[in-house]
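In what follows, chain A forms one complex with chain B and a second complex with chain C.
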Partner chain A sequence: MVGYFLRRLLLVIPTFIGISLLVFTITRVVPGGPIERLMTQAQLGGETGGLTRSQSSGSTLSDEQMEELKHYYGFDKPLLAGYAEWLGKVIQFDLGTSTRYQDPVWDIIKERFPVSIFYGLSTMILTYLVCIPLGIFKGMYHGSRFDSLSSAVVFLGYALPSYVIGIALISAFAGYFDWFPLGGFVSDDFAEFGFWQKTTDIFHHAVLPLIAYLAGSFAVTTLMMKNALMDNMSADYMRTATAKGLMRGEAIRGHALRNSLIPIATSFGNNISLLISGSFLIETIFNIDGIGLLGYEAVIERDYPIVMGILVISSILYLVGNILSDICVALVDPRIRFGESRT
Partner chain B sequence: MISLLSNPVSQKRWRRFRQSRRGFASACILLLLTLLSIGAELLASNRALIVYYQGHLHFPTYGSVISGREFGLDYDYETNYRDLQTSFAAAPEDNNWLIMPLIPFSPLESDLIAGDFPPHAPSVSSKHYLGTDTSGRDVLARLIYGFRTALLFSVCLLIFNYIVGVAIGCLMGYWGGRFDLFFQRVIEIWSNIPFLYVIMIVASVITPGFWTLLLIMAFFGWTGMTWYMRTAAYKEASRDYVMAARALGASGSRIMFRHILPNSVSTLVTFVPFSVASGITSLTALDYLGFGLPSPTPSWGELLKQGTENMESIWMVGAVVTAMTVILMLVAFIGEAIRDAYDPKQFSYYE
Partner chain C sequence: MSSIVNRSPEKAQAKPDACLSVSRLCVSIRDPEQRDTKGRPLSSEMVSDVSFTIAAGQTLGLVGESGCGKSLTAMAIVDLLPKPQVYQSGGEISFNGQRIDSNDPKALKALRGKKVAVIFQDPMTALNPVQRTGQQIEEVLKLHFPKMDKSQRRQRSIQLLNDVGIPSPENRIDAYPHQFSGGMRQRLMIAMALAGEPDLLIADEPTTALDVTIQAQIVALLKKLQQERNMAMLFITHDLALVSQVSDHVVVMYAGKIVEQQDVPHIFSQPRHPYTKGLIAALPAAVARAPKTKLDAMPGQVPSIDAMPTGCRFANRCEYANERCEQEAPELTAHETGEISCHHWQTINEASTSGVSKNV
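So, the complex of A and B:
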């Protein structure tokens, strides 16, 4: 089993190369890249910043300038050579320079980490803290009044995607009632606040987005927990447990509960990637300056170094998360033997 | 397939599904809403349902454009039935009449009210029961047509995803080994490609139509079902009955089709309502970001976008959020009822 997971870990490398090569190819082959953008801007006669240095005629770029630009973006090399060079830099933790901000990509991404981690961590802790007990309770008393009542709430959270809840919340409580700020992570004059004021300010801004984040994952985990527990409660080994004289509560705690944590374990590893990258939809709606919003803006602005940088981070997290999930499953379910041939 | 539907287990499940009153009622309501949306032209359209003119009946809803001259008006383009209705009402002695649909506006038509800028607030007198959007189009009409598009889209997406997902996932779980590892790599690569990013890139080259968008989403969306199916098949394949079947000399395809598939179908069917819901929500999300169906197409996401850009016109966000809540709750109730119906040992608790 250890060998299996070591092999999985090594296989991360080719997978990562596959992902990055595919997206790298898309950024190179598809029209509408940064050079085309600059050319359109130059044709419109507008100022395009420090990049187009001298605009001789003002209408289009000369061939020489085009070459210069292509060299600046690394578009003058063939695809594979360009990719190899990019990959070589990534291995040395150099993600390149943003074409939009002119800053190193890694610095820009690092700046946004605290915001995304704050939301990711709070969501994860709240979700597990509430969902597992709630799911167990709902499963044990299926059909009771509490089950039906809480089902309504859970279903509402499940049925509506978090971005719709986000839009509804911001329209109602920020746009209409004016109780909460219209997005952002902190107020504009945040730097002048005292410690206590800073804390309340963050939480005042965080209430609506956190509800939106929670609504989605909360319902899924609760339902998963409940369904798994109910599956296991009707299993034969529960009949055996009861037949040998165990109380219902003891039987569930000792037998059914452990088995019903398996589905929860299969999704545990994926929390890592959610933790960092967040939901760009919610970050867009609430204008939270996290990784998600950064990625969304980078895609719209065709800022490929940032797009690739976020891709590198999120895909490595996702790959490691998948392995982590499988390790969790193997830990909680001794019947599962990964990588052993059955035939 | 027919034997799957007519066998006693399926009939028992169907009976159990019907016994779940909430789920069955939701299914009926959703079916009704679907049928209504298929006949959306009869509910919301700027064409009259029936026109009685000079002793003849006309049914303009479906079919070609009827010129204004047909009804004694002085223009060749399509008849404006709302104006025709007022002119008929002004001359009751001619005995002409017409019946307009409940919502006398088409989803693509801008109704400009003199002296006021859209969006217009809901009002019964102007027959915009849920108001209009920023270009003066009726919100309720766009809601109905948008529902039809979204539902059709997600059902098509579901069919495609399930066919691919079941086939590949089953083989992955059953064969394991190199095949499993290879497709694990493929799935990992696939599900790491930023979904929105690819669609935005494609949208910048060609404006995606209904089927193009469907293909793009299916091309990147089949992995989810495959992953579930793999886990289910993996679990089933390590069970004792599969070993018993193998010991009896059953072939691989027999074990797959007679044992593993029927036993993992329960996982599959319980996912169907949720797949429909996720199809609707992801299409709406794409439309919200402006990378979904091309612009005049009525869609919920596009209404949401207009609503968030004009927060004082709360009826737009309100209408879409309410509609989504109703539809997605119905789908979720159906999903829960199906799950209960598929669990054969439902209430066998031991005290």
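So, the complex of A and C:
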């Protein structure tokens, strides 16, 4: 089994190369790249990036300057050579420099990590904390009034787009009632707070965006839990358990429950990539400086080093998450032993 | 009615060695699609007036085609019917002289697994796939012998695995169900059933999912264990040949009703009901003489639950059926060697023994 996972780990490399090469190619061929942006900016005589400001004084760029720019961005090399160079740097943990901020990409992303991880982790923990018990209860009392009612609520949250929920929450509880701040991750005078005040400040700011994040995320996990439990409750081995003398509750706890947690456990690994990829819509509405917003702005501004940097991190997390999922399956389900023949 | 044996509860209780006594058991199924005028779901009776007794150390074979209500009868005994859709709608079930269909959770807990154990048809799905076999057997011990400590439970489980013929039980006890073959899994089920040291073992088609050689081994094992422990056994099957190997007595069911019951020698030497005769004719020995499949021997199908005939339920397949059969349901009547439910059983028997016309 260890061999199997080592092989899976090695497979991450070609998969990663595939994904990043694809996106790298797209950044090369789509119009509106950084050079074109600079050219239009130069032509309009408007504000330009730090690099060009020192180099161009006229309204158009000379051929020489163009060459210089292309060289700077690596656009003078053929696609594959450019990609190889980029990859070579990534391996040394150098994600390049943002064309917009002129700062190292890694530093910019790193700055946003705490915010994104805070929201990602809280969403994940709260989702499991609510969905697992709710799903179990709904499964045990399938068809009851509580079951139908909670389904209606959960699906309403699922059907409403999160930005609609976000805007509604802001207008109601931050605008009309003024119970919560209008946005941001922390207050402006956060640095002066004591530890306790800091903690409450973060959570005070987090309530509304968290609700917006969570509203849509309950449906899938709750229903997954409920269906898995119901499948297992009607399984033959549950009848065996009852015939042994276990009461319904004991049989569910002792047998059906653990088996129905298997699908939940296996989806766990996939969720770790969600840890850093917040929704840019919610981040925009609540003015949260997370990675979702950063990525969105980078795409709009054609800040390709940042786009590629976020891609590198999220695709590695995603690939590792998949392997984690498989490890979880193998841990909880004895029938599955990857890469081994049955005995 | 007065001449019918084993039918009234008083008689069943009067018989001191009757371990299990089922009297006029009815099981009904609710159809959620169909409702009566008050909007309640309609139910139809799937098992009607089934009565039998089993004495300690005896095996009763319950035989009938698929869908005739054998499993419903068995599940009703241990209250394992999938309620509320399927429920006991009449009759009494007593165990060692005590009513057990009282729906008292405590009584049920003491009954299931301890006094009455069940082996199910499909050993591939009846075991929990993610628990080690040892844990699943020890669970029974934990429930019913709370005084046993951990190592005693393990010791006992190993011994049980040994009893049911699982090689090197010390190692196999930590294996998972999927690591066993079908036959071995059924042995695990038997070990689990025996763990509570039950007085009655209900085996619901325990060998149907297994191939023929394994089938013979499992049946022989059940027979041996039953005799060693003086258990009563309810052996359910659609295979009359198997019944002849294990049972002392046979109850033949058709479409939810008992059509005939006799002891094993007589049911084979003197089958009285046309359905029993058909089943016997379809046995391999008979097939060897005149190659016929079971369906050739008995054309037609069991009537479905919502189209139960008012008369004899076997009438549409019976070669002796006449008008009376279609209008009037026959009662179960006692004779010297058992019970029979057929209007024409006496004439049929004369006819078949003398070889004269079959038209009654």
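Observations, loosely collected:
The criterion applied here is as follows: the second predicted complex is superposed on the first by the 314 of 343 C-alpha atoms of A that agree within 3 Å, B and C clash if a C-alpha of one lies under 4 Å from a C-alpha of the other, contacts with A are read in each partner's own complex, and residues count from 1 in each chain.
Going forward, a contact is a pair of C-beta atoms (placed from the backbone, for glycine too) under 8 Å apart; a residue touches a chain by one contact, two chains touch by 3 or more.
All values reported here derive from a predicted model rather than from experimental measurement.
Three-chain overlay on chain A, with chain B and chain C fitting side by side and no clash.
When both complexes are overlaid on chain A, the residue A:Y158 reaches chain B alone and has no touch with chain C.
The superposition of the two structures on chain A yields an angle of 70 degrees at the Cα centre of chain A, opening toward chain B and chain C, reported in steps of 10. In the superposed model, B is the one of chain B and chain C that contacts more residues of chain A.
When both complexes are overlaid on chain A, the residue A:K110 reaches neither chain B nor chain C. Once the two complexes are overlaid on the shared chain, A:A251 sits against chain B while remaining clear of chain C. Residue contacts after overlaying the shared chain place A:P14 against chain B, while chain C stays out of touching range. Look at A:R239: by the touch rule set out above, it reaches both chain B and chain C. Of the two partner chains placed by the overlay, only chain C lies in contact with A:P334; chain B stays clear of it.
Looking at the shared chain after the overlay, A:T266 reaches chain B, while chain C stays out of its contact range.
With chain A fitted onto itself, chain B and chain C come no nearer than 5 Å, counting C-alpha atoms only. When the two complexes are laid over each other on chain A, chain A has residues 235, 239, 241-243, 335, 342 in contact with both chain B and chain C. Partner chain B is touched in their complex by these residues of chain A: 11, 14-15, 18-19, 22-23, 26, 30-32, 151, 155-156, 158-161, 163-164, 167-168, 170-172, 175-176, 227, 230-231, 233-235, 238-239, 241-243, 248, 251, 266, 280-281, 284-285, 295-296, 299-300, 307, 311, 314-315, 318-319, 322, 335-337, 341-342. The touching residues of chain B, when paired with chain A in their complex, are 176-177, 181, 185, 188-189, 191-194, 196-198, 200-201, 204-205, 231, 234-235, 237-238, 277, 281, 284-285, 288-289, 304, 307-308, 311-312, 314, 317-318, 320-321, 324-325, 328-329, 331-333, 336, 339, 343, 345-351. Taken together, the chain C residues at the contact with chain A in this complex read 78, 80, 105, 109-114, 117-118, 120, 122, 125-131, 139-140, 143-144, 176, 178-179, 189, 192, 196.
Partner chain C is touched in their complex by these residues of chain A: 235-237, 239-247, 254-255, 258-259, 262, 332-335, 342-343.
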